[in-house]
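Going by the order they are written in, the chains are A, B and C; count residues from 1 in each one.
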Amino acid sequence: MASAFEYAPAPESRSVVDIAPSYGLFIDGEFTEAADGKVFKTVSPSTEEVLSEVAQAGAEDVDRAVRAARKAFQKWSALPGAERAKYLFRIARIIQERSRELAVLETLDNGKPIKETRDADLPLVAAHFFYYAGWADKLDHAGFGANPRPLGVAGQVIPWNFPLLMLAWKIAPALATGNTVVLKPAETTPLSALFFADICRQAGLPKGVVNILPGYGDAGAALVAHPDVNKVAFTGSTAVGKEIARTVAGSRKKLTLELGGKGANIVFDDAPIDQAVEGIVNGIFFNQGQVCCAGSRLLVQESIQDELLDSLKRRLSTLRLGDPMDKNTDIGAINSAEQLARITSLVEQGEAQGAERWSPACELPAAGYWFAPTLFTNVTQAHTIARDEIFGPVLSVLTFRTPDEAVAKANNTPYGLSAGIWTEKGSRILAVANKLRAGVVWSNTFNKFDPTSPFGGYKESGFGREGGRHGLEAYLDV
Amino acid sequence: MSEKTEKTEQQRLSVFKTYKLYVGGKFPRSESGRVYEVSDSKGNWLANAPQSSRKDARDAVVAARKAFGGWAGATAYNRGQILYRIAEMLEGRREQFVREVAEAEGLSKAKAAAVVDAAIDRWVWYAGWTDKIAQVVGGGNPVAGPFFNLSSPEPTGVVTVLAPQESSFLGLVSVVAPVIATGNTAVVIASEKSPLPALSLGEVLATSDLPGGVVNILSGRAAEIAPPLAAHQDVNAIDLAGADDVLAKELEIAAADNLKRVLRPQPVDYSATPGIERMTAFLETKTVWHPTGSLGASGSAY
Amino acid sequence: MYSRYARRYARLVTMPTSAPAALADVTASDSTLRRFLHGLPGVDAVGLEARAASLGTRSIKTTAKAYAIDLAISMVDLTTLEGADTPGKVRALGAKAVHPDPTDASTPSTAAVCVYPDMVAAAKAAVAGSGVKVASVATAFPAGRAALAVKLADVADAVAAGADEIDMVIDRGAFLAGDYMKVYDEITAVKEACGTSARLKVIFETGELSTYDNIRRASWLGMLAGADFIKTSTGKVAVNATPANTLLMLEAVRDFRAQTGVQVGVKPAGGIRTTKDAIKFLVLVNETVGADWLDNHWFRFGASSLLNDLLMQRQKLATGRYSGPDYVTVD
């Protein structure tokens, strides 16, 4: 909206983080070059500035890291739980101390707004380590029988949308339960994982317990296929998840997968409408919609469609897109040119298939990867944009007439990760939540996360849960 | 049923049972019209069993999917009552199953009786679990914010079960009961060599108030009917208990197409009291959030 | 529509008031009014507070801060509502309202001074010729527990003494008892007593209404009855203006204008003491209702100590040095 009250730029200081011109792999407690000497550049998606050059792990490095993790496993798993706990508490505390530095780093490398890294990512990262630290000496009481044993070496592959948070979701429970870790961050966002390696050193974590291997898909594939890995944990696309499931088939490797989604955000006619609008916005524009549990399908009761869409469009017009380092930015950059191309292509398909596209007036920066907040109306279940995960700031609006129809449409997808329900009627919330085939149901809220709250999908959104007591199971031989 | 017993019954010719599949609460023959010979442990012919086809497997999935909503939506108490009813019905047909198990597995009558008793007791054990598992594996989560947050287990959906090959009855019950106790529905592939106790179990299930389609029992060649079930897009999970390593790997790869939950084959002592793992393997965890907030806008909860 | 109170006190009536045409049938009867108010969308407290808190993280710097500080100063209803108020005290307040910072003539005046009815004449004299308005709390402020005739006489006194604005309190007892029509009729009667010369601010005492659903209903009730402003609080109870209840009232005026075309102002009052707080409220205005309300005709702060903090921050921006209490006036 046009306003006399223009916010002056309020950039977060970049000086709190010192990014080195190059980084190595982190294996057995040391930073090291890749065996074949390969490196790759990591760029800031909001400016395309090269931030650093990072060693690129290959199969040989994977083997080296798995051997280091195997060697470290014996002592680490034999440590009293209380001692493992203290290492994790140390890590949690150092993350809290360095949280502004890490938030800035994450914003630079990922493109998401500093407001989110500062207020969401980093607090959740620290909380996750704090939560699982407390489990390390209480596993006998976790409901998996007496003295549950760790699995061994965990091979973990994480995505670029929440680089440090996904690392926390993987590493914290793995270490608490006595496993050692080889983790591959995404190729577009390797830096925060490498800073985490430094935090492990500051915390005095024994060598080899955590190994970080920046690299591409080939390194991830080598890691999950490595015969001496006992546990594979992956967060990413459903296509890759299926490939990993095939790879580990017939082995004894325990597998957990957190994959894609096409979450339905269902708004009934008696919803608290202003909060529903906020929830819809949060559901699809948080992290530029690059969220597996995004509420990417808005299912609105036909009787309030016009009113809700008016409110929603008005609200979208106030979203502030631009420099992710500006503290007032709501929408940052798309993580990569590749992701931008995918979003663009799906949006073009949406238009070609007859859905009606709308975006608020929104100026996109010249450099970097950007996509304006986008809303599609006149969408049906048959449209590609109602079925495929777009993983971008694009909302598909569908309507329904009755609760039955809402549930049927919400469940009409191979995915089953998240869903939202907006109504003031308590019994309707419970009835609809009961029928939704989704691992996380947010009622009268959306995109809330907590280390104590299990997270994970039904159907093709993957299996296993991260967070809470449930999250321990993935790393225990039970 | 052997000739010897026929003779001692003097002139009366006994009535053989035509063993049939159990699908959707009915007892069809294989749509393929095929049967195969089932022998006892000494190689004596016992009966002809239906040799199910891919289409029988498909029909069983349709029946299981149709039954899922009602069974998952039934109260846990009701499911417990029905599982207990299965035990009651089995108890009444104990002698039949002792004979069938003895023949199938080459056990003495006493040993077979112990196996059947254990299987009956297993139904009782799982009957008691139906309304307790949610309290054991679910619960409230103390999130750091003004939210009520509850995790509850829910059944995964349609589960394909490859029943154990050797333990044709106790093993079968031990893998089927945990699947349905929590509200899943099942497509069961009976022990290939010894399918008769499984097929007879269908007759018990049909008279136990268990809704048709909750358990569907197929006999035949696992290598023929398991792969289409493992690849079936409307099957949510697969228990590979009865698969050998080669078949298990093949099925696990096929299962990845729609990311079925896979329970790999592992050594199990079916005579021991089970844990809860066979139930949790086919449970999803659903976590529901709702704001709590303060009682009013005037308090310090601002 | 003439209310029954309006007819009874017809001598005070200078113009008929009515609910806007688009919603005329809403106030046709007790039951239509109740159905309408109870049919408004509910408010989820956690979501509302989260949105207000999120807007509270906006970082307003340099030019934006300078703009916001001057805007905030110009929106202050500089208030003294003490039993010990005297004409001398009110004169000093008026002088400060006109020239908040005697060392810097570029400092804008406040929007108004806000006093009890018996101090209106003194206040009027103190701000004469400046453009600063005189607002007066009437209707048996702050409790509102008096007969309607007494309340209307209170209003008439203030208006007769030259008050430009009347800040009335609603009958919270009647509201909480569900007697919405009584509240409505009182407001329309007071509105009529204000005549054409005084704008009416309707105070809900949100802290006593307790729930956000009530605050939304009260907002609509007040607007239906002809409020020119809706105002959170008297400043005399434990919880006064908060970002969340002000956001909720901003949503109400936004939606009311969308439905009726009638624009209504908002005045958070009580508890806003710092520049940082005031700027948070301006961000709420900016991002909820936008530029149309970024003007002291449509948004006010009911405050006293806030002004000095705004002035100190203004001096800091001008000089680069932090200011201190000795460099602003105590009036």
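One rule holds for everything that comes next: a contact is a pair of C-beta atoms (placed from the backbone, for glycine too) under 8 Å apart; a residue touches a chain by one contact, two chains touch by 3 or more.
Keep in mind that what you see is a predicted model, and the values were worked out from it rather than measured.
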item: For subunit C, the least number of touch steps when starting out from subunit B; value: 1
item: Closest chain to the centre of mass proxy, which here is the mean CA position; value: A
item: Interface ranked first by C-beta contact pairs; value: A-B
item: Centroid spacing, where centroids are CA-atom means, of subunit B and subunit C in whole angstrom; value: 69
item: Centre distance in Å when subunit A and subunit C are each reduced to the mean of their C-alpha atoms; value: 45
item: CA centroid of subunit A to CA centroid of subunit B, Å; value: 37
item: Touching two or more other chains - residue numbers and ranges from subunit A; value: 444-445
item: Per-residue multi-chain contacts in subunit B, two or more chains; value: 147, 291
item: Residues of subunit C touching at least two other chains; value: 44, 46-47
item: Residues of subunit B that touch subunit C when the two form their complex; value: 146-147, 291-299, 302
item: For the subunit A and subunit C complex, residues of the former touching the latter; value: 1-10, 115, 119, 270-275, 278-279, 318, 327-328, 424, 444-445
item: Residues on subunit C engaged by subunit B in the complex (per definition of touch); value: 44-47, 49, 206-212, 214-215, 238-239, 242, 244-245
item: Subunit B contact footprint on subunit A (complex, rising order); value: 127, 143, 145, 238, 241-243, 245-246, 249-250, 252, 257, 259, 414, 429, 433, 436, 438-445, 448, 450, 452-456, 458-460, 462-463, 465, 468, 470, 473, 478
item: Parts of subunit C lying in touch with subunit A, wherever the complex brings them together; value: 41-44, 46-48, 50-51, 57-65, 67-68, 71, 251, 282-283, 286-287, 290-291, 294
